[in-house]
Amino acid sequence: MAKHGYDSGRLNLPFVGICTFGKYPYIEDWDQIDADVAVMGAPFDFGTQWRSGTRMGPRAIREASTLFSFGHAGAYDFEDDVTYLDPAKVTIVDIGDADIVHTDTIQSHANIEHGVRKMLQAGALPVVLGGDHSINIPCINAFDDQEPIHVVQIDAHLDFVDERHGVRYGHGNPMRRAAEKPYVTGLSQIGIRNVSSTAKDGYEDARSMGSDIQSVRHVRKMGIEAMLKRIPEGARYYLTVDIDAFDPSIAPGTGTPSHGGFMYYEVLELIDGLAQRGEIVGMDLVEVAPDYDPTGSTSILAAQLLMNSIGRILHHRDV
Amino acid sequence: MAKHGYDSGRLNLPFVGICTFGKYPYIEDWDQIDADVAVMGAPFDFGTQWRSGTRMGPRAIREASTLFSFGHAGAYDFEDDVTYLDPAKVTIVDIGDADIVHTDTIQSHANIEHGVRKMLQAGALPVVLGGDHSINIPCINAFDDQEPIHVVQIDAHLDFVDERHGVRYGHGNPMRRAAEKPYVTGLSQIGIRNVSSTAKDGYEDARSMGSDIQSVRHVRKMGIEAMLKRIPEGARYYLTVDIDAFDPSIAPGTGTPSHGGFMYYEVLELIDGLAQRGEIVGMDLVEVAPDYDPTGSTSILAAQLLMNSIGRILHHRDV
Amino acid sequence: MAKHGYDSGRLNLPFVGICTFGKYPYIEDWDQIDADVAVMGAPFDFGTQWRSGTRMGPRAIREASTLFSFGHAGAYDFEDDVTYLDPAKVTIVDIGDADIVHTDTIQSHANIEHGVRKMLQAGALPVVLGGDHSINIPCINAFDDQEPIHVVQIDAHLDFVDERHGVRYGHGNPMRRAAEKPYVTGLSQIGIRNVSSTAKDGYEDARSMGSDIQSVRHVRKMGIEAMLKRIPEGARYYLTVDIDAFDPSIAPGTGTPSHGGFMYYEVLELIDGLAQRGEIVGMDLVEVAPDYDPTGSTSILAAQLLMNSIGRILHHRDV
Amino acid sequence: MAKHGYDSGRLNLPFVGICTFGKYPYIEDWDQIDADVAVMGAPFDFGTQWRSGTRMGPRAIREASTLFSFGHAGAYDFEDDVTYLDPAKVTIVDIGDADIVHTDTIQSHANIEHGVRKMLQAGALPVVLGGDHSINIPCINAFDDQEPIHVVQIDAHLDFVDERHGVRYGHGNPMRRAAEKPYVTGLSQIGIRNVSSTAKDGYEDARSMGSDIQSVRHVRKMGIEAMLKRIPEGARYYLTVDIDAFDPSIAPGTGTPSHGGFMYYEVLELIDGLAQRGEIVGMDLVEVAPDYDPTGSTSILAAQLLMNSIGRILHHRDV
Amino acid sequence: MAKHGYDSGRLNLPFVGICTFGKYPYIEDWDQIDADVAVMGAPFDFGTQWRSGTRMGPRAIREASTLFSFGHAGAYDFEDDVTYLDPAKVTIVDIGDADIVHTDTIQSHANIEHGVRKMLQAGALPVVLGGDHSINIPCINAFDDQEPIHVVQIDAHLDFVDERHGVRYGHGNPMRRAAEKPYVTGLSQIGIRNVSSTAKDGYEDARSMGSDIQSVRHVRKMGIEAMLKRIPEGARYYLTVDIDAFDPSIAPGTGTPSHGGFMYYEVLELIDGLAQRGEIVGMDLVEVAPDYDPTGSTSILAAQLLMNSIGRILHHRDV
Amino acid sequence: MAKHGYDSGRLNLPFVGICTFGKYPYIEDWDQIDADVAVMGAPFDFGTQWRSGTRMGPRAIREASTLFSFGHAGAYDFEDDVTYLDPAKVTIVDIGDADIVHTDTIQSHANIEHGVRKMLQAGALPVVLGGDHSINIPCINAFDDQEPIHVVQIDAHLDFVDERHGVRYGHGNPMRRAAEKPYVTGLSQIGIRNVSSTAKDGYEDARSMGSDIQSVRHVRKMGIEAMLKRIPEGARYYLTVDIDAFDPSIAPGTGTPSHGGFMYYEVLELIDGLAQRGEIVGMDLVEVAPDYDPTGSTSILAAQLLMNSIGRILHHRDV
């Protein structure tokens, strides 16, 4: 019954069926993950400093991703003349969400970290759907027994606050927390612009701790190729994409939008280049807040970027 | 990992996890249905005569139903002092959606009918989430090899059009199609009000074909008990609930709302009484159109009514 | 080509076609009005004291009214067993909108008054779609050469402010302006509740100028029949309905909602009774603000009430 | 310049001016509170179990409350023939918001408690705008040096969970926390219905700890007067209103709506009666989530109820 | 009365009046079309594969087009120093909608085809408002007795699926259907990007059947002039614009948005150039879904593009 | 209590606190303005010709501006390596709104003019938040006792209508009114495009009265530097920004959007350059209509632009 296809089985149009990521199989038992890529939701939003609601991000991205389950024969991109995500070659699973405990940041983060460890142990590329950007903290924590990583952040905000009023694990802190790790060899912080919770000392700290900070205008001026060359070649990259790196015109559905951001192909080409420059070993996409996305365009952007990123990461691995 | 509970396993808050109906297990293989109740989506909306969009109804109801997955120990209702849906006693599954084929009404209906037959063959109570009201036609078709049924319709509109411009399977036709079946012994049409696609001759035909037609004001005047007494006792009931039976104040998210409708407890008490008066052997809930439901209250109403109806149907069976 | 019907011509479903009121013919030349009922929009909103946007009310009501153009053979109401608005007996036209001049209240009101005079001169029942409640002022002005009228207002607010900061023609003033007219014999002000722009002295003035003021709770306590008996029998009634008389649950799309309002059948039954108690010689429905009506339920309410009111007014005339 | 009035100074229409509560003065220095009533926001939402967003509740209620700043001469209610909130007799201030610290429930709650203590120390009636219902916990804490109180809760949910996965201060816990206090003499829990995070044992615990639990249907059956008689007479009441006590038809803008709730006058009359039966010494109104309130009706309901409650509390004190 | 002007007659502001396209006259009798351009709606949406709702597209575009009825003296564009759509030179009419029959794709398409034939017979340029892209199929059919045409498609998706599960007339099929016609001499498919329902074989088929496929990035790289040169010169062009060719930032209100699309002037300049390169003999604009367009920007884009395209087509004809 | 900071006092996150502009102090007494910059709202919208609702613009911009109150130590921009708006150096106040009188354009404009005069008398840079663009008329009037000014308008529409149907003070007239002033030495009108209420003669009049008119495409072709050079150097500039100068992709929340507009940095760089080229002595930002801005992106754009413009104006003054 459940076979899908153009000729037999089910037609399985995008609006039909249960909303797992890309309509890929749901693996409830985290000891049974057996896939190239595993997708997990981290619906945590207590770390936000203005509008909340990113807890519903994973659900919205999953629903939007069904639009991209068109391709029973994989995702053919005529510009590249490549069929990405060929089901005969690639295995992707959705392992559901990390367990979130209301009022309790520490326990919620621990549960996210547990999920990422499970995906890593299974040998799957972990792809985590936020939630606010603080969920990057447990994601990075889970790499403490892996080979060193270079963090590539695509974001409007530097997120490099050390501690304020005791807060160390909010959505303004993750890049500082990452930079402190001995196994994080450096950071590329791309798309940074305008005022945010990080003050001047944060920028100085970031640079002194090994960060390269580039704005949208910087990237446009130098070009994607030049930007890629600033990133250490041949490294293992952990990629963290804050949806507010994109322009509010295409990503209004986020807590703290910042005008003057990236458009779609700028980021896709950056990720495509990154996947060729080294190995992307983990990825999160955060800060999608569906309550501010009445048209769905933000969730669709997140889903479109994730599907295409995963496709390109796997494709360039094969080469 | 996936065990849920208040003390151990996962806390599993409503906003966490994949959106199957009530977070019950998803059964992809329709030959493996083994449950007291099976829920299937029928995301079909080509039968609508004004606003479309009910194809997204099953997804919206599933998401809303997660709010009612609070009860790890079942759903305790202190007014009745009953714990409904005790997981130790009750098995419910979500079998996903019937396969819908765009532009093709006949094939889409056939696929819905196939799903209902599978649920009936498995001995599960079929609960179908629309989609527009035309999806009731294949649902009723699937009962052609079952014992006779009495159809109880809760709706604003009579839906008793025979044929117009060749259309026999739109959302204005289902009750006429049902009334034509030899195994449909009669109809109770409750909540009917205001102008609709059914003209005067439709009302006359309905009555001549065994229908009892009552408006919201009629029901309020006579009371729920009296209304129940008009329904044949001890019968096998097929229950079809059009969400527009409810007042637009609580169910704005539907294609053709009609002011002056039912409030929540009126319908719940009617269904509770029906479940005691005979056996409810099938159920559909149709016409939820999430695009017109920005607050989610319509989807929440649908989910709340379904969870409570299923709970009461199973509870009264036990007695 | 354009004939509509169930058997031949066009099916003409509600979602098809140009949005005149009820899909009735548009008469652009106001010297050619020849109908029982003429509908005109008055898209004026400079008189509002909180949220604006009622200028788009006529458009929204017209679009919603297409839902009620179902009945090629008239609007059959099975509760009354009456077919209202039989096209063989009744002629209704839409004459478009009065010309509104931005920044200029006096000229805009004059243009509305001109339109009402044209409808009256043609012998048609004038039905005016607001716009804010100040548009009632020119409507009443246009009756200065007609037989005396009794004004029946269904509204949350008394709208009886005399003058403040020079303002005499805002949406808080119309009932005061009406009460001043020698040809207005009295007012019935129904549904009034909660704080509004009218202060205590306004209530005292209203009563001294011949007004009977009743709240929603008053009406519910006495019943519709008793309320009707308080209105002078056999008079010529001008009926002005502010959509905020209704509860915000069904009429959120208005500038100044007030909780605790009427539900649909309460008002319909009041109007039905009024149409039997005397002659309704003019009607306006005001304060629909579609920007606050994302579900469309307010516009649908306005359209449903207007279609049913017009049907009943014409029906009771015939008797 | 800033004087407001109908004849001189400023007209000060509702849509004009800075959005403090009711446009009452903002007192930034909490050592300078000198008023009959002080209003404080508590924009905390990490305690929610489904949809978040109540952090924006205080802002939305303040904006909506400007609609009710119509009355330069107080709020005249013609049904009671009373002018409430006469500015010559009554002093109300807005002290802004408690300082909320993201990710940190304990510190945020402490800051709320601090604000309530300041209002109590100043001799003002504290009125707190949530935020989620967990903010009731610090509010009640602040009464630990006051005379004993009886808690009257108007809510859909019992909120009587003791502890789960370590959580004791979420929005499912406040009534349990209150019941534990030696200075809380009892609880009246009104409007409770349907399934929620509180399981059967919670109801048993509540009753054993001195709670009287009544559903909406219970209250409707017995009447408001009878309900009031169940509440201890002559006590000092702390009143906590969860907006989800109301029906989703008028209060869709909340995290966990529950169909079958109260309408406006049911609650207003209950509060009016309570203000006569004893002394209301503190009040909070919680769970307004503006992201789910596109029409503004929920915020307007909250503001209308608060303005009218405050008016009645002060009026009955004078008697 | 109805004359409009800046000095006399009516001011006729955009928010005033019945919503025909551009407020041009409505011609109900299709045997009386006498105009340079005739606009018809085709509110059909059963052909969609994800979100439906394009049936309301024609209504939304008509309402938005009233914004562009500003110019009583035509539409002056200072960049070109041209007054387009001079009412003294140009005649445009709105003929309403094709009759759509719910559940019946074949009959609905036949009714659309009938309307296009009527416009062609009258010698008017047919401009059709979708509806989903499947409505292009009957539009092209209606040209079977005309001189050969070259189809220029501006779209995100190739829409070149032959047949799946029996579907040949859905919104993924129109370009394939067009390519099969003997009187279609070739296709230019512009803006194509990302994954869609067309798989790799569809691209191959398209090319083999005479199609030139260019992505947004291709067009940007080569420039508008170079793109125009790829289109056969001096031909008769049928122009079909899918609103999802545009970027979701300006056209979120569509069923299947695809990030990375065109901005406004790119498409306007392409159409302006096309109108100079040959003769545009027919046009449709499809896939506007107002339910996903809460700001109205998509409908405004559609209306702005149509008004400007029509203006330029007529202007360049004169030259 | 009220001191804010990262180490002591209050954390004061953006979502906490009363919504004055940028959370700067509210000065109710206009004789006590003592600041570098004073911000006033002008919530007037009777001058609009299509969608109304800009009366709520000031409230929406104030709320959005709280997002940019992040910086306790000023607003650090790493691209410029400048800390703007250092609280130790800069004083900004919010003086609330001008008093608007419904139905009365002349009095409302007079009240706006009064406010601007008060700010000028206090020596503060006046920044006015609209409201529709007609509020620019009283703003310019208030400069009649100041040194001459050159008006820089950033807008989609020329707004150069002289008089129609007696209207001289609507939102299509302000630049004409400004050009008539003896103390206005010229106008730079930037971003103008597409059809609007200004006809061909308006463009001719504008040029003859000293205006330089440039479209978005003109500016992009020549570059920001070249555009700046067209503006008289060393002058006193009054800057009026209509939010519809921006592309609808980022500014959908406005009455009359026009596709093909500016993106964020284009306008910021233009204003930054202008602040270096001469002295900006007054500024208004108009036409934000929050009802068409469900995501908040338009209000955020307005707030982001204002905060950054004010910062740069003050910074370049220091140099």
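Order of writing sets the chain letters: A, B, C, D, E and F. Residues in each chain are counted from 1.
Here, a contact is a pair of C-beta atoms (placed from the backbone, for glycine too) under 8 Å apart; a residue touches a chain by one contact, two chains touch by 3 or more.
Everything numeric here is computed off the predicted structure, so don't read it as measured data.
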Note: chains that touch chain A and chain C both are B, D, E, F
Given that chain A is a copy of chain E, what angle of rotation, in degrees and a multiple of 5, matches their CA positions?
-> 120
Type of chain A:chain F copy interface by residue overlap (half), same or different = different
Measure off the straight-line distance from the CA centroid of chain B to the CA centroid of chain F, and report it in whole Å.
-> 54
Just give me the whole-number Å value for how far the CA centre of chain C lies from that of chain D.
-> 37
Using mean CA coordinates as chain centres, what's the chain C-chain E distance in Å?
-> 39
Using mean C-alpha positions as chain centres, tell me how far chain D is from chain E in Å, no decimals.
-> 54
Where chain D touches two or more other chains simultaneously, the residues are 11, 13, 15, 49, 51, 55-56, 101-102, 165, 167, 247, 249-250, 292, 294
If each protein chain is taken as a node and each touching pair as an edge, is the resulting graph a line, ring, star, complete or other?
-> other
Write out all the pairs of touching chains, ordered by chain label.
-> A-B, A-D, A-E, A-F, B-C, B-D, B-E, C-D, C-E, C-F, D-F, E-F
Touching chain C in the complex, chain D uses residues 6-7, 11, 13-15, 66-68, 70-73, 75-79, 83, 247, 249-250, 263-265, 268, 294-297, 300-301, 304-305, 307-308
Residues of chain B touching chain C in the complex | 49-51, 158, 164-165, 167, 192-197, 199-200, 203, 213, 215, 217-218, 247-250, 252-253, 256-260, 292-294
In the complex, chain C residues that touch chain F = 45-49, 51-53, 55-56, 101-105, 107, 134, 165-167, 169-171, 291-292
Using the touch definition up top, name the residues of chain F that touch chain D in the complex.
-> 1-2, 10-13, 15-20, 26, 28-31, 41, 43, 55-56, 59, 62-63, 94, 96-102, 118, 294
